[in-house]
Structure formats: C-alpha cells, structure tokens
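For reference, chains read A, B, C, D, E and F in written order, and residue numbers begin at 1 within each chain.
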Amino acid sequence: MILRIDRIQTEMPPPSDPDPAGAARVQELMGGRFGEMSTLMNYTFQSFNFRNRQGARPFYDLIANIAAEEYGHIELVAIAINTMLTGATPPANGRPPGDALADLKDQAINPHHFLAGGQGALPQDSRANPWTGDYVFSSGDLVEDLTHNFFLETGARNNKLKVYEMVDHPAARALTGYLLVRGGVHQVAYARAVELLTGADLTKMFPTPRIPTAKIPECKPHLDAGSHLKLYRFSPNDYKEIVAVFTGPHPETGEELEVVDNAPEGFPMHDLPSQPAVFAPDYAPEEIKEIAQKLRKKAGLPDEPLGEVASSGNGGGIADKVKSKLS
Amino acid sequence: MILRIDRIQTEMPPPSDPDPAGAARVQELMGGRFGEMSTLMNYTFQSFNFRNRQGARPFYDLIANIAAEEYGHIELVAIAINTMLTGATPPANGRPPGDALADLKDQAINPHHFLAGGQGALPQDSRANPWTGDYVFSSGDLVEDLTHNFFLETGARNNKLKVYEMVDHPAARALTGYLLVRGGVHQVAYARAVELLTGADLTKMFPTPRIPTAKIPECKPHLDAGSHLKLYRFSPNDYKEIVAVFTGPHPETGEELEVVDNAPEGFPMHDLPSQPAVFAPDYAPEEIKEIAQKLRKKAGLPDEPLGEVASSGNGGGIADKVKSKLS
Amino acid sequence: MILRIDRIQTEMPPPSDPDPAGAARVQELMGGRFGEMSTLMNYTFQSFNFRNRQGARPFYDLIANIAAEEYGHIELVAIAINTMLTGATPPANGRPPGDALADLKDQAINPHHFLAGGQGALPQDSRANPWTGDYVFSSGDLVEDLTHNFFLETGARNNKLKVYEMVDHPAARALTGYLLVRGGVHQVAYARAVELLTGADLTKMFPTPRIPTAKIPECKPHLDAGSHLKLYRFSPNDYKEIVAVFTGPHPETGEELEVVDNAPEGFPMHDLPSQPAVFAPDYAPEEIKEIAQKLRKKAGLPDEPLGEVASSGNGGGIADKVKSKLS
Amino acid sequence: MILRIDRIQTEMPPPSDPDPAGAARVQELMGGRFGEMSTLMNYTFQSFNFRNRQGARPFYDLIANIAAEEYGHIELVAIAINTMLTGATPPANGRPPGDALADLKDQAINPHHFLAGGQGALPQDSRANPWTGDYVFSSGDLVEDLTHNFFLETGARNNKLKVYEMVDHPAARALTGYLLVRGGVHQVAYARAVELLTGADLTKMFPTPRIPTAKIPECKPHLDAGSHLKLYRFSPNDYKEIVAVFTGPHPETGEELEVVDNAPEGFPMHDLPSQPAVFAPDYAPEEIKEIAQKLRKKAGLPDEPLGEVASSGNGGGIADKVKSKLS
Amino acid sequence: MILRIDRIQTEMPPPSDPDPAGAARVQELMGGRFGEMSTLMNYTFQSFNFRNRQGARPFYDLIANIAAEEYGHIELVAIAINTMLTGATPPANGRPPGDALADLKDQAINPHHFLAGGQGALPQDSRANPWTGDYVFSSGDLVEDLTHNFFLETGARNNKLKVYEMVDHPAARALTGYLLVRGGVHQVAYARAVELLTGADLTKMFPTPRIPTAKIPECKPHLDAGSHLKLYRFSPNDYKEIVAVFTGPHPETGEELEVVDNAPEGFPMHDLPSQPAVFAPDYAPEEIKEIAQKLRKKAGLPDEPLGEVASSGNGGGIADKVKSKLS
Amino acid sequence: MILRIDRIQTEMPPPSDPDPAGAARVQELMGGRFGEMSTLMNYTFQSFNFRNRQGARPFYDLIANIAAEEYGHIELVAIAINTMLTGATPPANGRPPGDALADLKDQAINPHHFLAGGQGALPQDSRANPWTGDYVFSSGDLVEDLTHNFFLETGARNNKLKVYEMVDHPAARALTGYLLVRGGVHQVAYARAVELLTGADLTKMFPTPRIPTAKIPECKPHLDAGSHLKLYRFSPNDYKEIVAVFTGPHPETGEELEVVDNAPEGFPMHDLPSQPAVFAPDYAPEEIKEIAQKLRKKAGLPDEPLGEVASSGNGGGIADKVKSKLS
C-alpha cells in the first residue's frame, strides 16, 4: 500500500503562456508505450508478481522502489500538461455560453483536452490514443523483466529527448530536464542489476540513446546536485536492500552510485486557476469555494486551507498573481 | 508523490489449491471498466487535474486520498490472482522442458497468465482484454466527476459481488469480502460529497446494488471492526480536510462516519513460491538466491532478508510449508 | 427518425434449457465484423451520407430501407442470447450472497454476460471483443458501397450458417433460420442494384456461400411463406422507390421478387423472467413491481400492463409457466 | 422493430461555407464515449435486455422510447457533419485526377473524412477513434442502469456545450442547440425515474453541468416551444406507460413535464450536393441519375422523385441553389 | 518462404523538400484498412490457409503470387514516407540537444513519426492508428475470399486516388501513380477469377471506382509500358499455374492480359541520409560508419559497400548530393 | 521486393488427431506481442527505415536478412495451426446443414477459427486478439533497435517454450522445436551486433530465458545439424555483409558461428484436406477441382498440378492417405 504526499519531486514553473499543441505532444510521456504510465505499471506489476522475494530480496526491493518513484513521474507529466493548458481558454470572461474554444478548433491540439476532458491531462499518448495494459511486460523471469526494464528506460529516454526538442514551453522543459536525469538513474539501476545477475556489462552501452545530458540546461541543476547518482528510498521502512544492487560506479562519469535512505523532501505545487469555459472546476468556482468554506468551518478547520501550494490559483486567500496575469 | 509500504490493507490467505479459471475471472476486478485500475486511475487523474484546489480543498483532499487507498486495492487483486495461480504448474519437478502446462490447455484460463506472463496478475479484464486509459473520466467539473465516481463505485460493487458468486477460492473470497466493504465506504463518500455540494440525497439509493453485505461471511469481520464507517487518511501530513466531507450518518446503518487520521497498519504478504515451469523467477531460483545472498553480504546486510513476509515461499530461511504442501 | 414497435420480425421460442456457452458464440452475429450491428450501421451511415439522393432515389431508398429492417435483426440476436442465458443462474433461490455463478466459472462462456453485464446481450463478438465503428464502410461512391454491401451480406451468411452448425439451442436455430433467409434477400437486393448500375451479373454467384437453405428445417417455413422473395417497406410513407431496384427474378429460384408495401405485422416477445442472482432487474423484482404498480395507478393506467407479451416472465398477471419450469 | 421516417427531428440549415476542421470536432458527438451512438446503443441494449418488463413496464417503456428518439440524434449529428463537409472539395471542377484535396493536407481535419470515407460522417470521435461496444453499460439492474443513464446524459451535455463553444458553423450550432434541450429532457427523465424508485432527489443537481441554456440563442426557440418539457412517444402503439414516470415539475423551471403521445412531425432534409472529387456518389453523378431515371420509369414511378427534400442538391428537378452557390 | 531482393519495383525520386504532413496522410496506404499491409496480409493468410491446393492450384497460385508482389508495395509506401520525412529535421546541425523539432509542433503531422519513431514509416493509418490483424479476411471459401479481394482492391484504389489528390509531393505521386496501375491489375485478376469460377462478369464494373488512370501523368509511363496488363511471377520456380486464371482481355482496354514469367528487374533505392536530431541511425552516424568499416575489413569485405544504392545518403563513398542539398 | 518459394523451412508432420484448443494457444506465436508477426514486422520496418545504409551496411544487411527468414516463420506457425485444426469438423459427411461444429461449442477454442474464419490461422494471439502495428518498434537509432530486437527474441523464446509445454500435438512440437533453435540464432545475432557496436557483452546472458534446448527432443535434430550456428542468406544476391556481424563463437557452446550463403532448400508442404463444413475451400471442393482442371487444360498445363506437395489433401491425383485416415 502507499502513503501519498501532496508535494512533487521537482520544482515546476507557474503557468505562463498557454501551449495546447505542446500539451498534446507531451502526452506521449504520459500514455505512450514508453511513457510514465508504462514505467509505473510495468514495475508495479512486476513487484506484485515477484515470486520467491525472500530469495531475491535486493532485486524485489529495487523494482518495487523504482515503481514508487514512477508514481511521482506521472504526477509531474500531468502537472506539465495542466500548466500548458492553463489559459488556453479565457479565464475571466470565459463562462459559457460563448465561443471560448473557437480559436482551438484549427490547432494541432488533443481534442479530448477540451471536448471530453476539462483542460486536464489524460492517460493518452501524443496520438490521443489511450494507454493500454498491453504495454505491461511481467514475465516473472527476473532476468527477462530486468532486460525489458533496461530497454524500456532506453526507449523512454529517446521519447523524452524528442519531446524536449519539440516543445520549448518552460513546463515541458522543466519536466523533460528532470525526467531525463531520473530516467537515467533507473536505466543504470536495471543495467547494473542485469550485470550482477549475469555478468553482462550493459553499462558499456551508455549513454543510450546518446543524449548529452550535460549540455541540456534543464538537466544541469539536477546533475550539479548529483541527482544522476542517487536512488531515493521511497518508503518509511521497506525496500532497504536496494543498496545491494544500486552500487558501483556510474557508467558515464565513474562517480560512485548512492542510495539516499529516504524520499526527497519535494516541492509544493502551484494551484492552477480555474477554467470556467470548460467547467473546471465549475461554471462558477466561487460558489464551490463558498460551500467548501462552510463545510470547513463546520468541521472546525482553520480559515486558510491546510494544503500548501506554491502559488494560489484563484481560490485561496493569498494574492492571486497567476490569475491576474492571465485575464 | 508517494511512499510505498511493503504491507497490504487486509490479511490474505496463503496459497492452497490452485484455481486458474477463477484467477481468469478475478481479473475483471483488476482491469475491467469497473476494476481497481479504473478506480485508482480515475481518482488519481482527477486529483492531478483538480483546479482551484485551495478553494475546494475538502473535495480535492477526498479524491486524492481515496486514490491513495485504491493503490492498495490493485495490490490486493494482484495478490488474490497470484495466490490462485500458485501451484497451477508443478513446482517441484516443473523445470522445462516437459509438459508442465498441458493440463491447462483445455481450461477456461486466461492464456496470458501462462503463455505471455509468468503465472502472474495482468492489467487485463476477465476477457483478457487490457485495461485502457479510455476508462478514465476526468471532466474537471467537480460535480460531474463526483457523480461519475458514485456511479463507478456502484458498478464496481456489482462486479465484486458477481465475482464473489462465481469464484469461491479462499483468496477470491477474502478479496471480495474486503473490497465490498471498502468500496462501500468510497461510494458513501462520493454520495455525501454530491449531497453537500448540491443537496441531492444520493444516499437514499443505498444499498445500490442491493448487496446484503451483512450476510456475507467474508464481509462480516470487517463490518464488525467498523471498517464500513472509516475513511483512513493515507498520508503522513496531507489531505487533512477530508473531515469536512466524510461526515454524517452512514446511509444504511445510521452510525456516524469516521475519519481515521492515518493509514491502517496493514499485514505482511505471503512470499509466493517460485514456479519454475514458467521461469518465475527463474528456471533455477536457488541460483538467483545464491547470487542475491552474495550481494547482500557484500552490502553488509544481515543473513536473513530485511523484508517481512507472512510466510516464506521457498527462498527464505524459514521452514517452507507452502512448498511442501504443493509438491 | 424512427418509430419503434414493441414487436419482433419473427417468432422466437420461450426460454428452455439455458445454454450460456452457445450464447457466447451467438454474439458473433451481434458484434462481429459481419454481425447485425455491422449491417445495421453500415447501411445507416451510408444512407445518412448519401449525396444527391434525388438523383439516385431508388438506390437511396433501398439502402435506407434495408437499414431499417436491420434494427429488427440486432433485436432478434439480442433476444436469442437473452433466451439462452435465461436460467443459467438459479432464479428462485438465486438471491445473493451465495455461489449462484459457481458452475459457470469453468465454462466457455462470455464472462461479461455474467460479471460485467446482467445475463444480457452485449455489442460484442464471439471473442467478447466489442463491435467497433471501424467496421463501417461508407465511401460515398454508390457502386463501391453496394459492392461492399454485397460482400458484407456474403460474409454474414457464412457466419450465420456456422453459428447454426455450432449451436443447436432452439433460440439460436430460430434466429439463424430466419436471418439466413432475410440476409439472403438483402444479398440479392444489393447484387441486383449493382447489376442495374453496371451490368455485372453478380447473381450468377448465388448461392454464395453455397448454403442449401432449402434443406435447413428452420429456414423452411420462411421459404414456404415466400419470405426469400419479399422486401418489406419499413416506413409509413417513405422509401417507395425501392420497387425500381428490387425487381426481376430471384437468382436461385427464378421466382419474381416482390416489394411488400409495409412492415410485417410482427410477433410479441416473451417477457423473460428476472434473474435475481445478477440483479436483473433487481435483487428483489417484486419490490420494483410494487413501485411500478403504484406509479401506474397514479397515472391512471389500467391494472394489467399495456404492453403485450408472448408469455409473461414473472412480473405479469398471467400464469407464469416459464418461471415454474425453471425454478 | 422500427419504422423509419425520412424526416428529421429539427430543422437544419443548408450547406454554407465548409468547415472540415469543425466537422472533425463535431464527431465527438457521434462516436465519443458520450456521443449519440452511445446514448442510442446504451438505451437500445438496456431495453433489449430488460427482464420482467411486465412487472416494471413504465421503466421499460421509458428506456425503450428514449432509445427510439436517439436514433434521430445520430441522424442529426451526421447531417451536421455532412453539411459542414459539403464544399470542402470543389464540386464543379473537382473530378479527379487533380489536387482537389490539396488544401486539406495541412488542416486539423479527420483524415478519414476524405481519404477513407467520402466526405461523410463516421462512427468515430473527435480523435478519429471508432465508437466501441465497450461504451455500452447494461447491467440489468434497473437502478444501476438508470444511474448510469443519468450520468451519461450529464457527460453528454458537457460535451455538447464544449462543441458549441468550439465550433460556430451554423450546422454545428443548430445541432448543439437542439441536442442540449433534448438531452436535458432525457437527463430529467432518468433523474425522475431514479427518484421514483429510490426517493433520491437527483433533480436537485440541475442544471448539471451548469449550462445556462436559456442564454444560448440556438436553444431559445426550442425552449420557447416548450421542447424542454416534452417527451415524445416515438411509436404507433407502444410505450404508453411512460406517463407513469415522466411526470411532475421540471427541476429547473418548475413547469409541469408533459408526454406528447406521438412523434414530432419532423422536417425534410436538404439533399446535399454531390462531391465528385471523392466519388460521392460518383465521378459523374449525372450518369447515375440517368440510370436511376430509366429504372424509375420502368417501375412506373412519376418523373419527379417521391422523396421530399428541403432543397435539392444537384440531382433533382428543382432549381439547384446550393450547387450554384458553391461552384 | 521468401528470398528478399534489395531492389524496389518502381523508381522512386530522391528526397527533395520535406513534407511531414503529407507523410502522415500517406500512412493510410500503409496501415489503413485498405492499405498495403492489408493487401499483403490478406493474401498471405489466404494462401497459408488454402486447403486442397492441388485441386484448385491455379487459384492458389494466383493468391500466393499476388501476396508476394504486395510485399514490395509496403516497401514502396515506406520509401515514400521516409523520403517525405527526410529533411524535416535539420540534418547538418541537428544534433540534440536543441529545438530541432520545434517547427513540427503545430503541424498536422503524425506525432509518432518524430516522438516515438525516428522519422520513419510505421504500420499505422492516416489517423496514426495501428494496422490490426482484424483487417484480415480469410474465410477459406474460395469464392468468398476472391469476392473480398476484389472488394479490397476496389477500396484500395479509392484510397490511393484520394491520397494522390491530397498530397503532391513527388514521392507520393510516384507511389500512387504506380500503385494505381498495379492495384488495377490485381483487381482485374480477382474479378477474372470470380468470373471463371462462377460466371459472374465483375469486369463490367470497371473502372471501379471510376478513376481515369490514363489522365494521371504518374500512371502514364506505367500504362505505356503495358504494366496494367502484366502479372509478374514473383518466384524462382513456383506459382506457374497463374496463367490459367490471369487470361483474357483487359476489361477496360480489351488488350490481352499477360503473365510475365519472372519478377521485374527492379530499381535500386536511394540511401536516405541520416537525421541525427532523431538519432537515425545515431547521434553521430560517422562513428557507426567507422565501426562498420572496421568490421567489414576484418570480414574481408571490399572497401566500398556491396549494396547498390541509387544515390548515397551520407555514409557511402560516393559524392553525397542529397546531403548537400538539404544542409 | 521478394521472391516467394512454395516450400517451408522445416519439415512439418501431416495432419493427425485434431487439436483445436491447442491451435488456439499456438496463435500466441503468430499474433502475440512476441509472435512471429512481430519479429517479421519489426525487422521489416526497421530495414525499410534504415538511414545511411551504406555507412552501416553490415547492420542493415543483418536486420533485412533476418526479416526475410521471419516470413518463413509466420508460414510455419500458420501450418501448425492449420494442421491442428484439420479434422476438427467431419470432412466426409460434414456438408452443411447439420451440426458439424456442435462439439466445439463448449471447448476452449478460438471461436474465430470456426465462426469467422474457415479452420485457418489468423493474425491473432492466444486471447484471439488481433496483432497490432503498435507492436512494431522502429526508433531509427541502431543501438536502440538492436537492443529491442535482442529483448524481443528473448521474450519470443519464453513464449515458444511455454507453448511447447502446453501443447503436445506433433505439429506444435515440430514448430516450437524448430523456432526455439532459429530464434536462438537471431538472439545471438542481435546480441553480437550490440557487442560489436558498443562493447557490451550481452552474450553473457545466454541462455536467456534458461531453456535447455539440448534436452528438448524436437530441438535435437536441428542442433545436431548445426542449425543453431547458421545464419542463412535469404537472397539471391543481396545482404552479403552479414558476415561482418554474424561471427565469433556461439555464446553457449563456443562453436564458431557460420553464414550460409543461401537459403535452405526447404521442404514441400502437406496439402491439407478440405473441410466442407466450413466451406474450405467450398461446400463441394470437387466442383472447384473440375473447373480448375478445365482452366488448366485450356492454358496448356499438364494433367497433374505443377505444385509439389508432401502429401495430397484430397484434390490431387495421388492416393489420398490423409483423407481416409480422417473420415
């Protein structure tokens, strides 16, 4: 089971200019065959199905623990998409009926971002095709599963770089810069695991694909902080045996790999402003706020929401910079 | 982001007689339109996409927190399936080549449990069709999303009861007994949320479908423990405002609903024995164990694995009851 | 637009022994590429998309009118499936919880008939895969569309005969016997239309496939009644120009084709009994009946339902033979 | 079974400027999860599968009758799409070979509208993904099915409003204006049915989503005519017990709901002009017309086609205004 | 089994201006229901499944032999797409990281051409939906299969003409010009086969659709060379009995059909230049070249590659015209 | 382009007892994610999309050449399935109408083998789900593509072994015995290619999965013949540079790898007998034979068919052993 934390693994920028076409492309990193839904669910099912765990504990712990980190990755992709969609419909005077979505008709958008969804991320790829459970590989054979995972991370890095190259919105760049580094760690982890089990030195293939992360400005701060060397333990008390596998030198830099014995502290999220043209969260968000406030009072909660946000959308008590910039 | 805990939300029985046809049916609760992948991913995406959270914090917290519990539900369904598949191939003399799978050829199994997978759970439904992202509804409109969630839990209860009626394997019964109670809590939570927002008293529809949970032996202990009244807060520090929504009387019993301000302690899992006929985790699990043991020693880990299990499959240091029973 | 009539195009037998495996196979005639959903939707969309209708009115009328008949065919397939599923769960003592579905676990059923649905027909094929809009061909080119339709009816006859050969339940046989004859009429109609437009005498291919309908007992009464020669006009006032195309000799018998200037009178349906084990229509159908009765009284309706049925399931005022046989 | 009428439920505008990108978006209302294929097929299968009808006749009649109306809705969506596609290829000099489709290459069109289809509507959604039978929910449990239907109509209204906001072509606006009103009636009907069965007053949720239909110019005439209060009985003699359920005040206006004991008279359709660039209905429609005319004469039909149209495309005897405007 | 020849059936132009939107549309001819994957796989499976071949040898040979030609057609479609994608990213300075794909973000491209693939053809259609095995029809009934094949070729011609009309890139035009002629031959072959088996003269339907190939400049040279009359035997020693079926006059011209007792000589392909922005074949193709050269030397191969190409991309020893034009 | 040869790569047994349930399972090797359709199409598209071939000729030749061999593998899987389906319906008295398929109704068959198809192989997997183009990976990055191919062959071996273990029909065993050996060669080839490009010695992972091919009786003759060491060149004149990559010692045995500079001679196929119950190739195959014979005579062909078969089904001049055994 899990505990959920209302923070994210890396800092994401606040909404700026909307980029709905870019958001449609970033969906590949969510619901594509090599997207974060795939890494999350592949490792999750492999950990669920792991037989004889006690006999292979370090490997079980490795897969189970990386699965936990991946949950945070689908969260980040969703945030990037939501940030890029913010402002794509007019927030101030956007209450239906009208033609708030008219400008989007001829654009290379994902139509479900607007017609079926509410300017929000979806478990779809860049074709707007849904993620499918058939993307999950769980053979039960440890060496095969690890081989798959190494290949999956390889393909994932390819896709991340290409999204980086295509979409220059700050949210997309912050996302791909971070994921390239963290995906790289997982790729190293699985290569090392195969090596320790079979002797095959997959690490000689690095970097694969040959992405020069050191030259990518959005990767730089993470590399400087040593994030490319660290595997975080995303659990209060479990998965402690990852140290037996995530060890040795980094294949590209030679620096020593390191297990961090806890999750990163994380960062608060921006509270994205409502988009009334698509009823998100409603035609008249202020009425919901009013109801919520009454319920909160009745429950003895303080006046200000307990949830921490990086910036308020338009519902909090703090001055609402984002909203005014957009309207 | 999440922290993962290597324990499960309810106690599950150890492997007994295999039931691969039953396992194929239980998959509906995993990857069906109303399965746990759907509840998990619907609430997860709705929480990711929630705009103006500060203005509607209790509702955001409710959806985000229930999403966290659902992760534990896909885990439980996977365990039930894996338990039922255990022993479906001969573990002792089952090393290939041979005809270890011959008896399964004519049965109503999910062929991917054996041919493509390794006697493990998959994100598929009872037709062996994959779960798809198109099962996710995330309109952004709070009232619509909650209406959907109430309907989704209703359909989910229907499916759970039917699996209960079809499959009497102890693992399937333990699963459905538990999920009927917990799904019931979520159904109440969403109905109450709609009521508080709109005044519509959906709770008058309860029980819907008209499942007499009190008469189901496998629900009984959970009802006796009051589990049908409790919403656990699956987070170290967040989602505290659920108390503002999950409140008032239970629609069926009139008892007061209750927020438990932490996750349940949980139970350890059984370490399911290897199934060498399908290479899970390998043709010769003892070799993997040997490698793992060397790596563990090198990493300074103690002789016994750090992971806690309810019973050892066949790789641990504890006497292996399960294995002997099956071979 | 349409008017719906609560009668069916041919007489169907009452429920007898259940045959859930047979029902799973009959689904091919519903949701397969050559099933009735396909014939219905192909002709419906072709008629919607027909350009320059006034210039080609007889052909527009032909396609539009056959589309209307096909609606009645998906109805018949559904009735056959529902009839075969009736009694597959114990109706009398089948109220959950229990193990009313246990016997079905190991059978070659469509699991959705029981787990996701309520012992009812679904828009799926014999693999339990859903019908898809990609089965619709609507090129807009009249000759191409007619060529397609001729081919579609050819494939459909193939599938119908095979279901006939595999499933001998009286409902399946009544269904396929009727559909083979009516599908044959449509096949002739499209072949004749191509012939009149291009001169190509497709009728020389008849019978294709070489099904000896005259030797099929369940086709016999329909042949004796001349049904293989008649095209009914399923409309109060429209589609009158079909006479210009559906004309000339029948390719197999040489008898003259005939347009019947109205729909057939039809037959009432059996009111299939409730199946409480799957909540169809509820755990306790008598309560629903009671509510309905009150509402009917309040609306000034007579004591007996206005709907005509061939036999009552278990909710009507007439002596309930079906129910007693099954319980 | 059905009778088909060659008229439509509301008046639609003649072709004007083409809008192929808009047509691609309107497809969501045809083949999306909440499109009219879904409402049609959900209610159709629920009525087919309804057990113990005599005991719950008013509810059976309600679902079966609304299903009948929905057939007219897929027809209207198709007409809107076809109207918007008319003129997207040059009709006068558009005979292949040439580059009649060149301008469309870079547009946000549905490529199947032109490459696989013939400038006609398809059972696809706004992503160009096909409608699938998995969108049908038919649990057999009356309360569940009605809950689903209420939710389905809610989601459908959301999608209709968004298409309204995105596409301002007169055909799209006429369509969505009408469907918002009629879908609203169905939403009320299902909410009322749930209320009468369970006591839960779902009507307190109205309007949901909060669409201000009264402010939508294209809804106005329908509201003025009281269409939002009326349920038409789409049958010569059946489904008479709908009066027992469709009763009481309208949740938004308090006006009394009303059953109209017949179908609306309807309106004739525009005969859309041929588009020879895509062979619809042929490279040389005048040749087809000539053949048709001979066949008509031979069949003793009058010189003018019997079918009534609002305006002739280019095949009829009436002066062809549409064609000349476009060429 | 097959022998593969590194040559193509018709001459294709070298890369010129890129046309990624056009490439997305041409995919319909690859992975659409009527694309070359479909013709290839339909005939391939029909030949695999052909029972009693000795008794119907000419027909078996016909289907098996046309299947062999179709392999060359998927190759040609791939080449057209790859040619049109060449240069869509900057080849010279396109090494990541950068924004080499930025211009593509807002275009009507297939996103998988760039994000998931490497500027290469995919088994997808113009919607970017994958080809599916459900497009294969293999009933085993010879007359039905031939009827299907005639219809399939008819639909395929329709799609080819429309792609011709939409995309004027030289590669697309060379492709469609050639495929229209060769597809026409297959259409004739299947029509004749049906005629010989049943007497039905499908050839009266020609041309269907009514494509005036003689007026299409890119068809002209193939018609002048008599390609529309010739069926090549794509086998060293087999399928010799095609002469018994592919015989008689061409339905449109009356000229005699002709079996050519060998495969055409074919043409060498252009070696398309690398596109380093998408790592095709790598970030630094020159390093791969260096490795390859060493391996070649070690294996005793000559300095110049043994493979013949129409023009070198950027890896060969020949002066690289293509590359310089693009950079 | 290709030349097709009417022979197969290994000897397959004649039909014996039918095994339709086994045939359903063998489909995984045809249309599963790791089936032969996938290996064929992955390598085919990768070769089509290979940029800068001259610079990396040995690698291009390797992928293109293995693709050619894979065509022969889908052929073998089809033959195994068709052989196992032969006799599943009564051949002698099986002419419809009757109940020739009745016994199959309750079995774990693929329903499309009988209802939609004609007792023939289909591009589907063991779930009866179609093969999809989304199984193709073609990144354009040589190292990535080769990594994928190594993983694909690994997964494919897993699936082959499991089918071997489940299905003991002689045709299935002959198939899997052969494919395990040949797939092993491809796995070695791709591992060696990665090693030569990057230095990573993937061969240390062998055998992966740990299949003891030497202990499998049906692998034995192929191993004895050295087939596990040989890469055949499936081309008259091309792909000669494979020698530069397929070289060095076999990872498991240390024996030297060997390029055979031509395709194997191959074996003739059994002419499978007709199955009139499913119209394959017709209701009355002797009539087709008669027509074919006339056409053959007219074309000047000899009395006996030119095609060579291992044994005649029921259409040839040779005494028909197969047929008499089955009837």
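Miscellaneous remarks
Basically, a contact is a pair of C-beta atoms (placed from the backbone, for glycine too) under 8 Å apart; a residue touches a chain by one contact, two chains touch by 3 or more.
These figures come from a predicted structure and were not determined experimentally.
Among the remaining chains, those touching chain D as well as chain E are A, C.
When chain centres are defined as mean Cα coordinates, A lies farthest from chain C.
By residue number, over half of the touching pairs seen at D-E are also found at C-F, the match among C-F, A-F or C-D.
With respect to chain F, maximal separation of chain centres occurs for D (centres as means of Cα atoms).
Separating the CA-averaged centres of chain B and chain F is a span of 40 Å.
Averaged C-alpha coordinates give centres for chain A and chain B that are 23 Å from one another.
The multi-chain contact residues of chain E, meaning those touching 2 or more other chains, are 33, 107-108, 116, 127, 129, 134, 139, 141, 143-144, 158, 209, 278-279, 282. Of all possible chain pairings, those that touch are A-B, A-D, A-E, A-F, B-C, B-D, B-F, C-D, C-E, C-F, D-E, E-F.
Of all the residues in chain C, the ones that touch chain B in their complex are 96-102, 104-112, 114-116, 127-129, 277-279, 282-284. Against chain E, in their complex, chain C makes its touches with residues 33, 134, 137, 139, 141, 143-144, 147-148, 150-151, 154-155, 158, 194, 198-205, 208-209. The part of chain E that touches chain F in the complex is made up of residues 1-9, 31, 37, 41, 44-45, 48-61, 64-65, 67-69, 71-72, 74-75, 78-79, 82, 116-124, 130-134, 136, 138-144, 196-197, 234-241, 243-245, 247, 263, 266, 271-275, 278-282, 285-286, 288-289, 291-292, 295-296, 298-299, 301, 305-307, 309, 312-318.
Of all the residues in chain C, the ones that touch chain F in their complex are 21-22, 24-25, 28, 32-34, 107-108, 125-127, 129, 158-159, 161-168, 209-212, 215-216.
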